[in-house]
Every structure is written in C-alpha cells, then in structure tokens.
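Look at the two complexes coming up: subunit A is in both, with subunit B in one and subunit C in the other.
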Partner chain A sequence: MAAQPKTLEYEYPNYLQDPRGIWSWLTTIDHKRIAILYGVSALFFMMVGGLEAMLIRAQLMVPNNHLIGAAIYNELFTMHGTTMIFLVVMPLELGFFANFMIPLHIGARDVAFPRLNALSYWVFIAGAIFLHLGLVRSLAGMPDAGWFGYANLTERMYSPGINIDTWVLGLLILGVSTLLSGLNFFVTIVNMRAPGMTFMRMPMFMWAMLVTTILILLAFPALTVGLVFLFADRFLDTHFYRVSAGATPILWQHLFWIFGHPEVYIMALPAFGIISEVITPFSRKPLFGYPMMAYSLVLIAFLSYGVWGHHMFATGMGPIADSTFAITTMLIAIPTGIKIFSWIATVWGGRLRFTTAMLFTLGFIVEFTAGGLSGVMHASPPVDLQQTDSYIVVAHFHYVLFGGMMMGILAGFYYWWPKITGRMLNETIGKWQFWITLWAFNGTFFPMHFLGVLGMPRRIYTYAPNMGWDFWNYFESINAFILGFAFLLFFINLVWSTLHGEHSSADPWDGRTLEWSIPSPPPAFNFVTIPMVTARDAFWVRKYGSVGAHGVAPAISGGAAAAPVGAPAEVHEHIHMPAPSIYPLIFGLGLFMAALGCMIWIRLILIGGALILMSILGMVFEYPTFGQFNPEALAESTLGLDNRKLGMWAFLGSECVFFASLISTYMVYKDRNLGGFDAMILNIPLTSFSTFILLTSSLLMVLALAAVQRDDRKWGAIWLFGTAFFGMIFLGGQAYEFTDFVLQGLKIQTNLFGQTFYTLVGFHGIHVLIGVCWLLVLAFTTAAGKIGKDRSLAVEIGGLYWHFVDIVWVVIFTLIYLMRTVKHA
Partner chain B sequence: MEAYEKLFLWFSIALLALLLVALAYTSFAMHVHVPGDAGMIMVKPGQTLAGAVLTTPPFDHPGLRQLGPGRYEAVMFGQAWSFYPREIDVPAGSEVTFRATSVDVTHGFFIPGTRVNMMLIPGLISVTSYRFDKPGTYLLLCHEYCGLLHHTMNAQVVVK
Partner chain C sequence: MGSMGEYSPSVIGAILALAGIYAGASWKLGKRPGSRQILALGLALIIMCFALTGPIDYYVRERSFALYIFQQMLLVFVIPPLILLSLPDWMARAVFTRPWIEPAWRIITRPVVAFLTFSSAFTLIHYPLLCDHICHVRPPYGDIRDLLLIVGIVLWWPLLSPLPEFPRMSYPTQIMYLFLLMIPMTAVAAPITMAETVLYMFYRVEPHPFGLTAHADQVLGGLIMWVGQGVYLMCIFTAIFFRWSRRDDREIPAINLRRAADLRIVQRRSA
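Then we have the complex of A and B:
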C-alpha cells in the first residue's frame, strides 16, 4: 500500500515538467499552470501595491510634508486600492488558489472550460497593463479619482486627462475576466464533482468558491453598467452623471455599491474557505458545524445584496432607507458570527500544531473579528454619520482586508505551496514573518481608529501640524515600513524555498482533502483514476476510516507514510487532456487593442475586433468535438447536464442583472427628463410589428432545434436561416427607428431620455446582432451538413441565448413602449 | 438548554430592548434625526449647475442668518476647493442649521468632534443642525475626495 505513491510520483512527469518552454506557458490551458501565471502576476502587483502603500505612508509621516506631489499622491492612493482589490486579492484567491485547488478538491482533471480559463488570464493581464498605461510618458497620468471613482469628479469636465479613461477601460476589461472565471468555476463545482462528492461532502473551500462565483455572476454586471455609463459620458458626451442635464451622480454610487458590497464578500468568502481548510488538519479535528458553515456562506451572500446603502448614509437617504440598510447590515453579523464561533470550536480541544499556516489562520480569526466588529459599528447610521470618510473607516476595512483576507491568503501560501511546487516553505522565516506582520499590521492600522476619532479625513495629501495627528501618523508610517519588511521576508522565502527548500511528500500536513492524495506537484491530469468519494474529508476517511473522521483523531503522525494514494483499481488507459491553444492569448491582445483604440487611434478598434473575432472562431472550430454530445462526459457530470449548457444558463443569469440595471436606470431617468424629446416619440405600430417578428423567430428556433435533433439537416438549416432572417428584420426595424429618431434630432447626447433609451435598446440590439451572427454560423454549418443529431447541442445552446434575448425584448417592449408615461421634472 | 445559554439569551434580549428604548427616546424626546431629503437644485435647460445654485433660494444669499434667539441658519456651498462662506461666527450655545450644496463635484462637510458629517451632492441640498455649546474654533473640512487640492478645502466655525 505505502509503496504506491512512490511509483506514481516517478511514473508520470508533474505538470511543471512537461511540456517545457515559453511557448508551452503562453498556450497552456492546464488549470495548474494558469494558476501559476495568475500567482506570479498577482505577486508582482502585490509588490507594486505595497510600494504604493509605503509611499503613501512616507508622505503622511510628518505634517506639511511635500515628499511627493499632491497629484502623485492622489494617483498613489487610487492605484493602491484598485491594485490591491483587482490585481492582488482577487487574482490570488480566484486565479491562483481556487484555480489550482477546485479540480483537486472535487476530484476532477481540469476546470469545465480550460480554454476559457486561459482566456480569463490573458484578459486579466490585458486589463492590468491597461490600468498602468498612464505610466507611459507621452500619455502621462495614472487614475486619480479613488478606487471608488465617485461621479461626477470622473466626468471629462472635471478630469480631462486620460487618467480616468485608462481606469474605466481597464476595469471593464478586468470585469470580463472575472465574470468568465466566475462562470467557469461555477460550472466546474456544480457539475464536475467526482462520484459520491455530494454538496454536503465538499470541502468548505469549495462551498466558499461556489457562493463566490454566484456573487461574481450577479454583482459584476452592475459595475459594468456603471462603467459603461461613465464611458459614454466621457467618450460620447452623454449625461448619465451630469446634474446640468437633470441626472444625478448618486446613480453611480448606487450602481457602484450594488457591485461594491458583494465585492467585499467576493474577496472575503474565499479567504473564509482557505481558513476552513487550513484549520482542520492543524487541529486534527473535522470542521465544527459543517452544515451551518455552509449555510451561513449562502446567507452572507444573500444578505450582501441588501446592504449597499450603508456606504451612503451620509448622502441623506432619509430615515426609512437608513434603518433598512442598518438592519440588513447588522443581520450579516449573524452568519459571520456563526463562522467565527465554528472556527473557534474547531480549534477548541484540538491537537494543535502551530505551523506558520496555522498561525496565520489564528491571526485571521482574531484580526478579522476586530474588523468585523468595527463594521457592525458603522452599520448604525448615527454612529456612521460621525465616522464617514474619516480614518476609522480606513482602519476598519484594512482590518477586514489585510487582517482578514491577506492573512487568509498567506495561510493558503504556507499550506498549499508544497502541493503547488513540491517544496516546503521555510518555517523559520515564516514564523518571523508572521510575528513581524502581526505586530506591524496592528501598529499601522490600529492607531487609525484614534486618528478617525480625532477627525482626520481620508485621502488627504498632507495636514497641518496642530491637529494632534502627528504622533500616530509617525508611528503608523514606521510600522508600515516594518510591514513592508515582513513582506520582503515572504518574497525571499518564496524564491529561496522554491529553489532550495525541503522536498515535500504527497501529504506533508496529514491532510483531509483529496489534493493530498496525489503527488506533489501533481501530474498534468491530476488523478490517475477519478476518486470515489464516500464521506466528507474524503482522504482522511480513506487513511483512517470513518471513526477518525467524526470521532477524535487517532494519534498517528506522519500520515504521509500511511497514505494509500488514489488506490487505482485498474491500470489507467491513456488519459486524454485537451490540447494547448494560442487563441486565448490572441483574444486578450485583441481586447487590449480595441480598448487602446478608444483612447488613441480609432482604427485600432477594428484591428482589435478582428483579432477577437478570429480567436472566437478559432476556438469554436479548433475542437473536432464542436457542439458534440460527449456521452462519457455527460455520464460523469454531476447533474447529468452538459457543462456548456449549464455555463450558458449561468451566463444568462448574469445577463439578467445587466439588463435589470439598464432598465432601472431608464425608469429612474425618464421622469427626470428636462424637456425636449420623450417617450411620445416612440413609434408603437412599427415596434409592435418588429416585436411580433422577433417573437415568431423564437418559434422558428424551436422548429430548427427539433429538426436538427431528428437529424433533418435540410430543414434544420432552413429554420435556422429563417430565424436569422427574422432577427435581421427586427434589426432592420431598429435601424429604421434609430435613424428616424436621429433625423428628427434625438441623439444619444440630446437628453436623459435619449441616452437611456439608446443604451438600453441599443445593448439589446447588440445582443440580437450577436445572436444573428451566431445563427448564421450555425445555419451555414448545418447547410454544409456538419450539424446533425450528434451536434445538436450547438443549436440548443444558441437557442437558449436566442430565447433569452427575445424574453428581454418582451420586458423592454412592455415597460418602455406599451407602458410609456411622460412626466417632466 | 444550559443555564449559561439561557442567561446569555436573556442578556441579549434585554440589550436589544434597551437599544430600542434608547432609539425611541433620542428620536422622540431629543429630536435627533438622521439627515433626509432636503430638496433639490433644479437646473433649467441651458443653465450650468453653478448658475442654478446661485439663483435658487436660499443659495442666492449664502451666509449666516438668525432665525430666532440662539437659532441660526448657515447657507453654504462647496466648490473645488473651498467653502463659501469661509467663516461662520456664532455665539456659544446657539443651534446652527447648516443648509449646504455643491456647485461642481461631490464634496464632504465634516466638523470633527461634532456629529456634523454630510456629503454635498451636486443637485441635492443637505441639511443638518448642531448646537455649539463650547466656545472655540471648529474646523470645517471636506472629507469626500474632490480632486487635486482636496486636502486644502476647509472653512471655520468660530464659536464665541
């Protein structure tokens, strides 16, 4: 039994060894290699963001300091926030840990859409570089309106430079990347679990990631819509956030925080998950209150959509809104409290091992609780009204984000590094790092509570000496540099240990979850045979039997020696892994060029668009299995549902939020119109006709799918062409409608009605256009005899999208056309 | 149920009840309210926001006004990067109602050591009031980031 892992380790090359060379990394679609790419990039940005933080602290060290200019200072705090959130914490948690661990935890060979995974990474890099375009001398000017970019400071009128342009476009690109990752991981966790891995047997990290991905799918569209409006204001001269046209900048705050508060949990929940994984092996106990831990994650996610208003108490929303948001915010403390108590109960009575990973975990529990408590404090409007935008807030969210998320990430590094690289991180350096971090973190951020009470506002470049703020600022700055030193130790440890560290066995910590059952580092295909899961803590049960899983742990150490790995029952056949692809990289490049084109040279958009189109078509036809049912994969899937179909459903869920944001903006703004054109201009008879055509096309789509499913290629093609044709008639009607309006004088810049109407109906039109192109590709492929019964899935997924677009039109037609009311502000 | 558990439950319930009573008392007996909707600045077509603010009463006459014995109204607006008026003088013990808005971007309106803390949102009027009992010079700061010289944006309330 014990000999088996050894032979496995030598039988297959690990994922880092084969294939070699730069090209293999550029085209890789292995989730583990993509995780490494994410990790390296995010660690680089962690250094950048950390240096930015230390420059901020150097500037604030003494009063009336002019170490750096005020303009640079504003760029620094903007980029520190943006970098740490979008380029460090999220890529490390989602791109690095989740990417690497999801397939290992659920017993899969890769994520659901490996090429999409690579695409997410290259789009992420494109966005990250885009955010830093301002460093180029001739463009000059980094984003400088804060990470929250409150309108209307971000308008062209108040921020004329390119600073905000790079910020808007960079965040839009990063949003695409995050959304696609979220979708990918959601489908993976839901549908690719090993046999026997029920929801209630998943490792808690998987629960955390499942809930996080749902949050991503439903929260990011709100940010996208807010950014699209800002983009339109800056580039098309619309008035989404301009008071002089009757709009209100508060719209941005609502859209931003509807995204922004779930975003806090998008960062927090993965860290909760990591902590739950690390705490169990080092306490030698199963996780306390597993079901409640899982349910409270779901509850946190649910509540997180109803609390955005607590960022806006100072805007004067009135007592009713204030109390509602106060109550929902306080309610979040309940599930969070359940989690904290369960972690403590897990440690309670355990046989503790204070490794560095465990120290960071305990640090997390203490510091995060402190941050959480000051959060409950802010939930009360009267208290918040004295604290808004003072340094207390800075103290609060650094306790949550650093004391919580960053400690969780560091725990994850020390815990999983052996699995990822095959080498242990140095524990001596690690413990030094932990204690210095703990001291310097509290030294940096705790006094911010005092400064807040003393009235120091946020985001000020410098301050006068007689305010009583001098000592604590000096003290904080010194500690910030010590904190920087602790991170230097961390980076040294990473590099040194990866090159010279002690070799790790497959199971160095006597772990409980499946990733420890395979060699470190794992082979490219992860599992020789897909494991059968019979219980929670699957690997532990396999090692010690079910008594060990639920009772007190048996007092054996060195589980690695006793660990039977995978217990492959039969000799494996050739494991087929998907081939590498260069198209994801090309897609990222195309998106980058298109975005750059918006700013400097409009024709670049065409080149970028062509690259994007080429990469999409390339990816579609690269596989011989395009649109094919794979009975084997279907049988192995958890739900008995094809991944691609589930992915489409998840995407449509996300689209609902996108259109809901657009529709609600229209509903709010139509009554604030300052005169001129309004909804009376709408041509109801014409639109009723095109609506009828669009709805009929759904019927043709049904017929097309039925034809393809009974392998009738001729009628399949005919109905598909018919659907596309009807879609084109609808588009033609819309083109006529828009042209007519423009000729009458209603442009997108004209007034609030014009801009909200054109964006809402226009975005729907773009969806129809994409649908028509998609249908035409399907129709021609079917006409060529390529799509029959075996590939009917391609038509089915296209159909799902098409029906969704039609349903959205029914809503838009009813609300905007049929129920038009006109009221002038 | 264990005795400690019961004790803790009762303790929590009592705490909750106490908080509700305190809330009702401050709200009804002490008249402490959260700031609410206090009106909008209507911009006519072709007008700039600044133009609209300066023609909307009471912002056409910004400054301090006595409403009654010990009661004042301070009509102010924020602009990048200063407040107008820059100084307000009131006798100690007077209740000042601040009525403020912004003529350009979103600003803050924050007097450290008091509970005066509002956002000045372009197009909206923010109102809050506070009784200044202790004489001294109170700093009025903008605490909502508003651009390059945000850190220099301040005014004073002098209580004599």
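Then we have the complex of A and C:
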C-alpha cells in the first residue's frame, strides 16, 4: 500500500485477545465487541434474507410455477423485506459500522452508555428471533402481510394465525433496540468528542450518524404507536383499524409512513457517510464541499418528515395534499443532488486507487443515482398511480436499497475490515465480487422497470404465460442466482481472509481519520491518550501538515510525519474501563419471554417482567458509582454536561413524538366516534383534583432536589417520599376513574372513544407508575443515607422525567378533559 | 364589513405608535440605532400593515381560512424576528433589564420554556373549540393577533436576543430548536390538512373567496402552515448553518482554550 507509517508496538493486547471465552462475549460491553456481535448476526440474516430472495426468484422464474405456492410466497417476500431492512441493513450500519467507528472517529474510549449498547444488542437478538418464531410451529407461520403490514389485512379476522402476532411483537422489540442505540450514539457524538473536535471537524460519517440518530429518536415512536394499536386490535379486540367501528385503516398508513420515510433515510444516511469516508483516501483529496455535505444531510432530515404522503397517493388524499407531497418529495432531490455532485467533485482530478472499497463506492454513486431518478418519477402523483404496486417500484427501491445501501455497506466492509480484524480482505476475490455484483444486480433489477411498465404487479406468486413477462422474469432469476453467487464469494472472502489474509498495518490505506492512528485491531480502550484535534481530517494533518496536502509517502519524506497520535510513551494515565455485565443479556431474555407470554402463556409475562426488573435494578446498583458525579468524565465531555442528563433529554424528546402521536389519534378519532360513550363521561372535578396533586408533586420534587443538593439527606428523603406519595394519589384517582368507567360500561373495546382514551391516559398512567417506582427507589436509597450531594445527579435525572410526565399530563388534561365539548354535526 | 380598499385606522394608528415609541426611545436615550436596525423596523412595520389591514384583512373577514393562516405565519415567523433585529442593545436593555422584568423575562426566554410557551399557545388557538370563539371577527380576534406577536417574540428571542446579557443559543442548538419546532407545527397542520370535514364553524359558511370550497380552503390553509413554514424555517436554518460553518472555518483555534473542558485537559496533560 502507498504509505506504510511505522506501527507502534503496543504493549497492550487488542480487543479481541483479552479477555477470552464465550462468557466474555456474552457479558461484553466493549463497543467493538458488540459491533462484532451485531456484524456476525446481521451477516447471518443477510444469508437468510438472500436465500429468501433466491426462493422468490425461483418461484417467479417461469410462468404458472407451483414450486412454493402462494401462502409461502407471501411469507417469503414479507420476511425478505423485513429481514433486509431491520435485520441486515440497519444492524450493519448502526450496530456494526457506527458502533465500531463512532468512538474511533471522535477520539473516545467507548460510547456514552456501554451497557445500554450491549442491551440494545441483546434486545435486537430477541426481536430477530421473535420474528422467526412462526417457524417453530410450522412452515406456514411466518409473517405474511408485506413489510409495511397494511391494516386492516393485519387484523385478527383477516389474519387469524400467529403470523402477524410475531411480526407486531418482533418489530416492537426491534424498535426498542433501535431507539436505545440511537439515543446512545446521539449522546456519544454530541458529548464525547475529543478536545478540538468541533462539529465542523467531524468526519462526514459522524455527521451522517448524528443526523441519523436524531431521525431515529423522532421517527421510531410513531411506528411504536402504530404497532401498539395493532397489538391492541389483535390481542384486546379494540378497533383502531376497523371500519365497522368508524375507524380508518388509513391511520396505520399515516403512522407507518411518518416513521417509514425517515426510516428510508435512517438507512440511507449512514451509507452516505460510509461512502464519504471511503472516497477520500482513494482519491487522495479532502472531501469536496464539506459544509455543503453536512448541510445537505441536515436538510434531508428536515425534509424527510414532510413527505410521507408520497407512499399514499393511491389512498385518495385529494389533489391539494397530493400536490404538496409531490413538491416536498421533489425538493429532497436538491440536497441529494448536492451530495452526488460533491462526491463526483471529490473524485474529479484525484489520484484514484481502484481498490474494491473504491469500486463499490463508485458503484454506489451510479446505482443510487439511478434509483433516485426513478424515485423522482414516483413523486408525481399521476405517474405514481400507474406505477404503484407494480414491479417498477420493486426496481426503484432495490436500486436505492441494494445499489445504494448494500453497496455502501460492502464498501465499508472492504475499507474497515483491516481495522476491525487486523487482516486485509482479499482484493482479487473482492474485485471479482464487485464486477459480478455489478452485472448481476443490474441484470436482476433493471428489467423490473420493463416488467412494471408491462403491468406486472408486485407481490404475485405466479403469472400466466404469454403476457410478455416470460423472458424478463427468466432473465432476472438467472441473474439473481449469479448475484447470490457473488455474495457467496463475499462470505468466502470474509472467512478465508479473517483466518489467512494478509496482516494489516495500522494505516493500510493512508487514511485521513483518527481510527487509522491506532493499531489494527485496536486495544480495548482504543486510545492510549485521548487525541487532540486541530483540524478536519485530523490524522492526515498529523501526517502531512495540512488538510489539502497531497501526502508524500512518509517513508520518502523521512517518516517523521507518521507518528501516530498519542504515542504510549507520553503519558500513562490509568485507563479505567467499566466492567462487563450480564444484565443486558438477561434484559433481552426477559423481554423475549414477556412477548412470548402474550402469545402462548400469560404467566410468562410475569416471569419476563421480573427478569427485566431484576436486570434494571442490577444495572443501576452494579457499579458503586451509581448516580455519582464523575468530574473526570464531566471535564472531558464536550458540552460540560453529564452524559446521563443529556441522554434523559434526548429520551424525553423522543417521548414527545410518542405522546403527540397518541394525542393526534385521539383527536382524529374523537369525531369519528359512532356514538355511545364520549368525552362527556369524563369526571372533571375529580381529575382537576388529581391534576392539582400531580402539579404539587412537581413542586415537592424541586424541593427534594434542592435538599439533596444541599446534602440534606433527611429532608431529601422526606420530599422524595412526598413526591412519590402524591404520585400514588394521582394513580389512585386514575384507578378510581377507570374502574368507574368500566362499571358504567365503557371498556377499551366499547368504541373509538374508549380505546383512544384508555390507551392515551393509560400510557401516561404507566409513565407515572414507572416514575413512582423510580421515586420510591430514590427515596429509600436517600433515607438509607446513600444519596447525598455527590449523587444528586440521580435525583436530578429522576426529576427531569417526573416533570416531563407532569407536563404531558397538563397537555392531556387541557385537550382531553377541559376542552371536551366537541362533536360537530 | 369594509371593502378591500379600507385600511382600518386603529391598526394603522397602533403601527404608527410603535414607530413613535421606537423613535421616542432613541431620542430619550440619546442614541441612534444603526441603519440596518432602522431598516429592519421599517420592514417589520410595513409587513405588519400588509398583514393586518387591506386585502389580507378583508379576505380574512370574508372567511378565507388560508389567508387567516398566512396572516398568522407573518405574525409569528416574520415580524417578530424583524422586530428583534431592529432593537439596539441599549434600547432593549432599558426595557428588559428592569428589576421587575428581568427575572421573569429570563425564565420565559429560556429555550425550553420559550419553546413550550409558543407551542402551547399555537396549538391552543387552533383547537376548533377555542378557534370557534376567536377566529370570528368578534373582539378577541384582535387580541389574538397581539398574542401571536408576543409569543412570536418569545419564540425568537433565544435565537435573536439583542442583548449580550441574554446570550443567544449556540448555532447547533439554534438549528435543533428550529428542527424541533416542526413537531408542534406538524402536529397542528397535518390534522387540519388531512381532515375530511371543515373543522371550524366560522369557515363552514359559504361562499368563500377565490371560488374555493370551504374544505379546499382549509386544506390550503393547512398546507401554508405546514409546507410554507417548513420551507421558511429551512431557509432560516440554512443561513444559520452556513454562518456556523464559516465561523468554525475562520476561527479554527487548535484547541479552544476558552472552552473549559479543553483547558482542563491541557492543564492535566502538562501537569
């Protein structure tokens, strides 16, 4: 390779060597090991999803084929789509690449919440297994309503089996995992950057991840709410999506696509980031238009919330809404175009090295642009009405997802594998893989444009001969198998190279970013000393003096420039890494069992719940530093703010979307109620009283925090007990209210009012309940003298949550109780 | 009500009074605002005239929901920032650092509080029940416009505070603030746009200006709120973003010794 900077002989074992054994992997909280776990799992699911795709193509190869039949075909495309999105692309981008690279890119020792990171992984595994649970019962038990599971096909009466049950619960679990990762990475990027690493000096991958995590935090709650409604419909016999009760199945589409379109960017932005990282070293130029690149990421995120309607043109939203969504959708082409031109300008005039990683990057640019162009086509409602649900849509999203995301991921593999494993991936196999993929990918998916125009609908398991579809289907299937072969090469390469590949130096590509300044594979704590960053492309500047330097191989220039950042000789700080923990795994297990309990044996919910509770308490009290100020970490934090506090704020931001979705649903359904009970049943005097109580409790919380901060443990405990007590009174009022309603005959199944009211107020009640338990734990620990000034953070964070819950209640009380006279004729 | 050409004297009077107060304050304090500030004020007053009198006002009274929303957008998104930009620090100081104003103003202009104040006011006045009482041209309607101006100023203060004593948010926080503003705005605008019935009593009465049906008018209004403000905020944050990136590019201090966290690390290293 071009530059071979002297690697340091590290006296430390790398992260893979120490500690050893299965147990160390089950309890690991090292972001690099968790990344490996994610990577291996996702690669496994890539095989599964790929095989499903092969089966789909085998079925469609010839007309009137009865290889697998309609029912299994439905399961195959549903699971293929769900798997590829939730179990392959997202875990690879977030769990694998981002997890591994975020701390290395920003110069940190780990992510903000290492145990939470492990927890995300085990919850992810729980969800992934749950999705496939149907297999246990029979081959016909898998989800089969498409990856976006449109209501009301997913209702119990139309899908009686367990197929959709596993889908709903599996996705709910996966949502938890993604949300927690998003929160974790957000706090990490915002608050754990090395000194000197301003936002404008971050590698572009970090910008992509920052924006992605914000999208995750603000988009996933909408999906959760949609799924919760579906869950209630299936298990509690409510009517959120049932027309017979006055509801509308379109609600599902709104909730799903408010999540779904940002989701597209949750998958796309990390790939954009990877590409931006790979493209610079192999062009030997800095990224062109850095501020523009960062800006367009932010702009895409901003716009992606205003375009969900383009998935719903066929539902008849009316000309005005259709035109708006068309315009906003087309607007997104602008920032996307900025990115494409910037990449081209980066390559332009560079000294290019066509490694496999670079080839996949260039492939990404071409194929993603093609997919983007057909996307602009669908943005026009009249055109889309012709194309929707035909194969042209399948062509479109595979150009984006496969030609874009998947190629980006493959580029990332070839680029970062040396850093991750210490071995280079074989370039010869890699290049074969690339060219075969490029050919077979276009051979598989390009003709789908023709088939779409010729009228072939998507999601049909077979078709009659002589409709003009025979040749292209045959052609596509052959190519799909070739594409499968290309992936086989990839897997062979991964396994073979990891065992026998060429050893990699610390900086095999002459890279620009900080991860190349440390050994491959890195030691467990990444950086011996936290690097100081003086410019964009921090490592390049270290090596060659300036961002724009063309970089002469340091061996020629004397080699001095190659000194890696933070040579171990400098300082020997005591590097303190948190201890491993088994509780994340137990949490995942508990969640799995609780979800399983919903389906087979109700008592399992209790066992699962107990496990969850135990692991949470375990994690809280596992470290003696619980709730303690950590002056060290605080001093090194970028914002001078505690990670835990920032994390709480981020979580509450996400909760806002959750409650906003619930409240909007209430508002929309209020006017569709088909009679019977309505808001007039609400007992305003009683609730005013409980509102007053809840607000007073917020005041007590303020007093409690002040007392604890004064180190007054006695009054701290008293006020905390008081807050919890008032919370309990509120809950008691609510319990009374609910019982009263049930006795009057209003159940959650009764009508639209009943179900939206009970879910909204019930979810708020659950939040209060959690808050009360939390407060009680705090109160008892304070009373035991454990929480004083030094641990006041614990109280502060609990207080943030409590105040938030109160504010939400004020909103609910105003909108639902006080302003209840509604129902226009 | 009046005809299209009619300019309501009370509104014009109020606007002139604003200009008078500004000039008076500057005369009393014995300083002259900069020419950009005067320009901002002039623009703000002109837009105010445009929004509150003449054709827009006329059509709002003639039950054009779309223009009602447009008027609101001007009142909360265009005029307050201009007013804040027009205030020289010495003039703002004379008002906002008074002992009985300052503490309250500090609380209300803390970003979280300002955000919540604006969002709740904005959400509430679009609640059909409330709106049915104030969208009419009956008296509270005028006060609602004042309220909008005031919560608009509260909303924009953390971004454009004229006083160093009330520091503006950092650039990234400003962007985040505008980004999050989309949640309440969409939560109000989307249901209005998507509603299948006309939500507000006042606007249910036909005929509507411009030959629109009441429902189409409502959809258009929803879209102005949703897309119009979205694009507008996008432009604003574009400006903020490039300011931010340019400043970071220019100042590139190797290590920012003014930042406490960096300083502590440097000290620890050298110790």
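The working rule: the second predicted complex is superposed on the first by the 787 of 825 C-alpha atoms of A that agree within 3 Å, B and C clash if a C-alpha of one lies under 4 Å from a C-alpha of the other, contacts with A are read in each partner's own complex, and residues count from 1 in each chain.
The criterion applied here is as follows: a residue touches a chain if its C-beta (ideal position, glycine included) is under 8 Å from a C-beta of that chain, and two chains touch if they have at least 3 such contacts.
None of the values given here were measured: they were computed from a predicted structure.
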{"item": "Which superposed partner A:Tyr463 touches (first subunit B, second subunit C, both, neither)", "value": "first"}
{"item": "Partner chain in contact with A:Thr355 - subunit B first, subunit C second, else both or neither", "value": "neither"}
{"item": "Which of subunit B and subunit C A:Thr513 touches, first, second, both or neither", "value": "neither"}
{"item": "Subunit B versus subunit C as contact partner of A:Gly196, first or second or both or neither", "value": "second"}
{"item": "Touched partner set for A:Met532, first subunit B, second subunit C, both or neither", "value": "second"}
{"item": "Touching partner for A:Ser664 - first (subunit B), second (subunit C), both, neither", "value": "second"}
{"item": "Which superposed partner A:Ser244 touches (first subunit B, second subunit C, both, neither)", "value": "first"}
{"item": "Contacts of A:Gly318 with subunit B and subunit C, given as first, second, both or neither", "value": "both"}
{"item": "Overlapping contact positions on subunit A, where the subunit C interface meets the subunit B interface", "value": "317-318"}
{"item": "Complex contact set, residues of subunit B against subunit A", "value": "26, 32-38, 41-45, 47-49, 52, 80, 104-106, 108, 110, 112-113, 115, 117-119, 121-124, 126-127, 139, 141-151"}
{"item": "Subunit C - residues contacting subunit A, complex", "value": "116, 120, 124, 127-130, 172, 175, 179-180, 182-183, 186-187, 190-191, 193-194, 197, 199, 201, 216, 219-220, 223, 226-227, 230-231, 233-234, 237-238, 241-242, 244-246, 248-249, 252, 254-256, 260-262, 264-266, 268-269"}
{"item": "In the complex with subunit B, residue positions of subunit A that touch it", "value": "70-71, 74, 145-146, 150-153, 158-159, 243-246, 248-250, 313-319, 322, 381-382, 385-390, 454-463, 674-676, 825"}
{"item": "Subunit C-facing residues of subunit A, complex", "value": "195-196, 198-201, 214, 218, 254, 290-291, 294-295, 298-299, 301-303, 305-306, 317-318, 320-321, 324, 327-328, 331, 529-530, 532, 534-535, 571, 635-638, 640, 653, 656-657, 660, 663-664, 667-668, 671, 807, 811, 814-815, 819, 821-822, 824"}
